[in-house]
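The structures considered in this document are given below.
Next, two complexes with subunit A in common: one pairs it with subunit B, the other with subunit C.
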Partner chain A sequence: MASEEVARDVLQRTFVKGGRYWQAVAVLAVVFLLGVVGFILKLGDERAQWGYFAATFSYLFTVAQTAPVVSVALRLAKNHWRRPLARASELFAVVGLFNLLFFIPLLILLPSIEGRNTIWILGVWPSRFYTPHIFDTLALVGLVVLGLLFLWTAAVPDFAAAREQRGGRGRYAFLALGWQGTARQWRIQRALLGLLGGLYFMDVLTTHFLISSDFSMALVPGWVDSIYPTFHALTGLQAAVAVTIVTMFLLRTVGGYREYLPMESFWGLSKILLAMSLMWFYFWWSAFITFWYGRLPVEQNIIQLIMFGPYRPFFIIGFLFCCIFAVGLLIWNPLRKSPAAMAAIAAMILVGGFFDRMRLYVASWSLADTTEHELTKVPAAIWPQVPDLLVIAGGLAGAVLVYMLATRVVPVMSIWEMKELRLYQVPRQLVRRRMLSLGKPE
Partner chain B sequence: MQDRRTLTDIQVNETLTNTVLKTPLLWYVILAFMGGIVMLGVVAVGLLVNMGQGLNGYNRPVMWAFFLTNMVFWIGISHAGVMLSAILRLAQAEFRRPATRAAEVLTVFALATAGLMPIVHLGRLWRAYWIFPYDFSRGIWPDVRSQAVWDPHAISTYLIGSSLFIFVALIPDLAVLRDRTTGIVHSIYTMLAMGWRGTVRQWRLQAIAGIILSALLLPVFVSVHSIVSWDFSMLVGVPSWHTTIFAPYFVIGAVHSGVAGVITVLVLMRWLFGWHDYIRREHIDSLARLLFVVALAWFFFFMLEFMFGLYHQEGTEMVVRELWLFHAPWNAIFVIFILTAFVIPVPLWLFRSVRRSFPLMFFTTILVNVGMWLERFLLIIPGLERKHPFTFSWGEYAPSIFEITIITATFALVATMILLFARAFPLIPLGDAKEARVLRDEIRIGRRTVQAVLREE
Partner chain C sequence: MANQAVLGLYRTPEAAADAVGNLQQAGIGHNDYEIMTGVPYPEGTFGEPPVRHKLYVFPFMGAMIGLTLAILEGAGTQLAYPLVTGGKPILSVPPIIIISYELTLLGAIVFTVIGIIFESRLPRPALGVYDTRITEGLIGVVCTCPEERVEEVRGLLQRAAAIEVKVGQG
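Moving on to the complex of A and B:
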């Protein structure tokens, strides 16, 4: 497909959505409203009953707000196969806005740090006891802002293309920020993408660290697990890759972008997903073996709480789906080269990831007294009630709804990067083999 | 901008085998110097054996000191080989080509040196084999539940695997040497080359073996340093050691120091053997970018390790952090460690001119390894000094001249072994250098010419 055709085709698909799209939007909106009902029903519950709500927030943060990192990291690595998937992952930044709604109730429910473990040992101005509330909010809001700025910067040339097709007026005239495609503008855009991408990456790691520490580990007396924030971030990256694969597959099969999403993109991501799944085991094992071998009573209790005790079913599902089954399937090259198989494996990892978040967050939030010195007794499991299930379904549906609505405005395929790909990729003949010559921009 | 020069196959063969066939005079001078230092180390070990461990600076409760610090350091350096060779091979990164052999060789010799350290530390080093499950007359089996038993098995597995990895990659180069030598040397290369003729099938088998070994060695490489970290983190009694992050923290630290070590070796090789056409600025630049990312990840892990020592506000943990920050000489060592391992080199690598400068990259990578050695020292000794809760049982450690000599000798030993290896085998794979030339391409985009690489469709 020629460069001009790419622009025309992608913009056409952005502006005009079919009946199935609107049906899906309607269903998601209804489920989201049911979630709102569930939330209203939960008002007045004890803090310990909000674990599933916290898990849903954490899951959306893990999946959606980490997803743009896929684009950031692969852009830094200058891969060509990442071009078709770049926008699909960047677009998840809009879900961050939705997730802020989930964050507000949790901020209210999070106890002050008085008399309990916290990473905020000294406390910071302006409020000694509410330091996590302030800084976690700043980190999360910062992440949302950076994500949206990154998305906007990456999409400006496409907005300009849309502006031209729309006769130079309307919302795209504003979004394109006067883009004319001069050499200077391209230079600035490239520099901004590097800067914002780097900042986003660092903020993702920071926010994972803060959320996992303040909203999970610090609520469990005596849980000192220095690898936990990194495990949290790693599972986030794994889920981010998985959700990008599922999105690509849906775009390819339902969205009509088959020509743009070649097998190489799935194959490239599949290797990263395999590495992430192996690291899932390694990071989990590092924590587990240290606690298990140490035989300290508090660490044995913590293992019981988050792995083998009341939430054992959640742990087993998460462990199998995110690690054992994932690795067992991803080592096979034919599966890694099949978009359908990759989508199925990625979907399995996303399901496993949700169970993993539940075993961590529901367990953490289930403890009534956070000011004990050490965990001496593992409380019984808290199973989800109807409002919890509604909130989970509504939260997930709301996130998908926001993403789908965003595809109405932002082209889900990066037009300028697809055009660039056509310049940098040239077929060549080497003796008797057909090869691709891949240009390496400085 | 890439500073490439097209070379013919004959030129590649001649220049890369000149370490074997036309060894420069400087090689002999450096070998003599390094060999002298190694001999000093051997004498020091001999004295330790003869007169006992009292010659060391051990002071209760600090009975693990320089030797085990050095073991962790060299195991760290050894991680560069597989990291660069296996991962970059699997990722098809072009800049790996001149670095793989040097990295693999550094792995094997660093690992062998690391393996020597606990043996020297034993005192009665002739009993080192007791660690292996061999049912001899004493009737005592090693306790497999002890992490001290896991260590030698992990190290020896890695050593065997890495040696095999080097050998498989060496076979085509051995055939080139076989065809260019005579007499007994020719016979040795003939035996080692295993009938290599460079047929399509042989190349395919060699490539498959390389990929399989890469994939098999990756978990081994991770496990080795993880197990080394568990020597410490499984011990609940020593403050600052029992922490869950130690395994990945040790691994990423190892990669940090290992990649830095490979860059140091590459710069030295370029200078010593004049391989300006093979080890070019773009290679060092790419390795420096990789090192930059690794350094950031390592620093993130370091911050977590440091911070979670304070998190629970346990007195025993706090006292080690106090040592690090407020008590001489630990605070001075801590400052030097942070400056050399991160604060000075990493911002410098942001500048392209630094990344593409051989002297500056040599300087910064040496700094990194100074810092990483001190990091291991800080991780091990202060915790031991405050092992017991009561002040009357606290002890201070200062290394003796024997320990310092032996540690210095280990650096000379690794250098000596690499020099000897270079005398017998090419340090840059000939096949890789030729393949890079075949796969090199250019693309015209408007008025610009962009460097490109050929890949299978």
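Moving on to the complex of A and C:
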């Protein structure tokens, strides 16, 4: 497809959505509203009952707010097969705005650090009791702002293209901010993508550290694990790759972007997903073995609480789906080369990831007293009630809904990057085989 | 006398490069012309000099300011509440590392945003001399010059096989 056709085709698909799209939006909106009902029903519950809500928040953060890292990392590595998937992963930044809604009730419910062992020290007023509240909010809001800036920077040339197609007026004129495509603007845009991407990568790791420490580990007296925040971030990266693959597959099959999303993009991501799945075991094992060999009563109680005790079914599902089955399937090259198989494996990892978050967050939030010196008794499991199920369904549906609505405004395929690839790519014949030669400008 | 902007539109990068060459030969400074494309061509494709910018200074400055604030806040807290914890010194680095990292990062982010405003020269309320076909693949070479040189510049741009030349306010 020629460059001009790419722009016309992608913009047309952005402006005009079919009946199936609107049906999906309607269904998601209804499920989201049911989630709101579930949330209202939960108001007044004790803190221990909010574990599934916290798990949903953490899952959305893990999946959606980590997803732009896929684009950031591959862009910094300057590879070309990432071009068709770049925008699909960057667009998850908008879900961060939605997730802030989940963050507010959790901030209210998060107990003061007084009398607890946390990563913070008691400071002076106003941060004396609310240190994590202030700094966690700064980190999360910073991440959302950074994600949106990164998305805008990556999409501004496409907004300008949309502006021209829409007669130079409307929301695209506003979003393009007078972009003309001068050499200086392109240079600044490239520098900004590198800078904002690097900052996003740094901030997403910090936020994983803060969320995992303050919203789960520090709620369990005596749980001191320096590997846990790293495990949290690593599983976030795994989920980010998985959700990008699932999104690509849906865009390819349902969204009509088959021609733009070649097998190579799935194949490239599959190898990263395999590495992440292997590392899942490494990080989990490193944390587990320390507690298991330590055998202090508190250590035994903690591995009971988050792995082998009341939430064992969640742990087993998470462990099998994110690690054992994932590695067992991803080692096969024919599966890695099949977009459908990759989407199925990635979907399995996403399901496993949700169970993993539930066993961590529901367990952490289930403790009534967070100021004990150490965990002496493992409480019974808290199973989800109807409002919890509504909140989970509504939260996930809301995130997908926000993403889908964003695709109405932001082209889901990076038009300028696809056109740029055509500048560097030349078909040529090598003896009897036809192949593509790729120029490297740097 | 007010400056005018002259825009030449080209179908091929070669023609646009010829137009840039013509402008350079006529002694027009590289700050007085711009190349507009719908795709980011590698620097120097049209024979233009590299674009200089100071964007990298902004996050660095922001990071330094953020780090300074974090150290002041952390150390200030330690000195204001001199509680000995675990036999460690009152004033020590490890307890303020998290805040230092976070505020350094936030400072860098805030200043990067300021940098975008300064360096990208966006938003532009009016597009000036521009052609919407640039986003569809045409290449524009726009030259800002005094009114008395407009005809000369128009000729230089036309000579490089421009498909159209437009003149407007610079």
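The rule is short, and it goes like this: the second predicted complex is superposed on the first by the 428 of 442 C-alpha atoms of A that agree within 3 Å, B and C clash if a C-alpha of one lies under 4 Å from a C-alpha of the other, contacts with A are read in each partner's own complex, and residues count from 1 in each chain.
Rule of thumb we're sticking to: a residue touches a chain if its C-beta (ideal position, glycine included) is under 8 Å from a C-beta of that chain, and two chains touch if they have at least 3 such contacts.
Quick caveat, the model's predicted, so the values are computed rather than measured.
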Practice item. Based on the superposed arrangement, let me know which partner A:L436 touches: subunit B (first), subunit C (second), both, or neither? Key: first
Practice item. Identify the partner contact of A:L423: answer first if only subunit B is touched, second if only subunit C is, both if each is, neither if none is. Key: both
Point to revise | Touching partner for A:I121 - first (subunit B), second (subunit C), both, neither | key: both
**Study point:** Which of subunit B and subunit C A:Y228 touches, first, second, both or neither
**Key:** first
Exercise for review: Considering only touches as defined above, state whether A:G142 meets subunit B (first), subunit C (second), both or neither.
Suggested key: second
Practice item. Report the partner of subunit A that touches more of its residues: subunit B or subunit C. Key: C
Review point. In the superposed arrangement, does A:V410 touch subunit B (first), subunit C (second), both or neither?
Key: neither
Exercise for review: Please write out, lowest number first, the residues of subunit A touched by both subunit B and subunit C across the two complexes.
Suggested key: 119, 121, 209, 423, 441-442
Review point. What residues on subunit A touch subunit C, complex-wise?
Key: 3-4, 7, 119-124, 127, 135, 138-139, 142, 145-146, 149, 153, 156-157, 160-161, 164, 168, 177-192, 195-196, 199, 202-203, 206, 209-210, 416, 419-420, 423, 441-442
Check your understanding: What residues of subunit B sit close enough to touch subunit A in their complex?
Key -> 1, 222, 226, 230, 233-234, 236, 242-248, 300-301, 304-305, 307-308, 310-313, 438, 441, 443, 445, 450-457
Review point. Which residues of subunit C touch subunit A in the complex?
Key: 34-43, 46, 48, 51, 53, 55-56, 59, 76-77, 80-81, 85, 95, 98-99, 101-102, 105-106, 108-109, 112-113, 116, 119-127, 130, 132-137
Practice item. Would you tell me which residues of subunit A are touching subunit B in their complex? Key: 117-119, 121, 205, 209, 222, 224-230, 282-283, 286-287, 289-291, 293-296, 423-424, 426-428, 430, 433-442
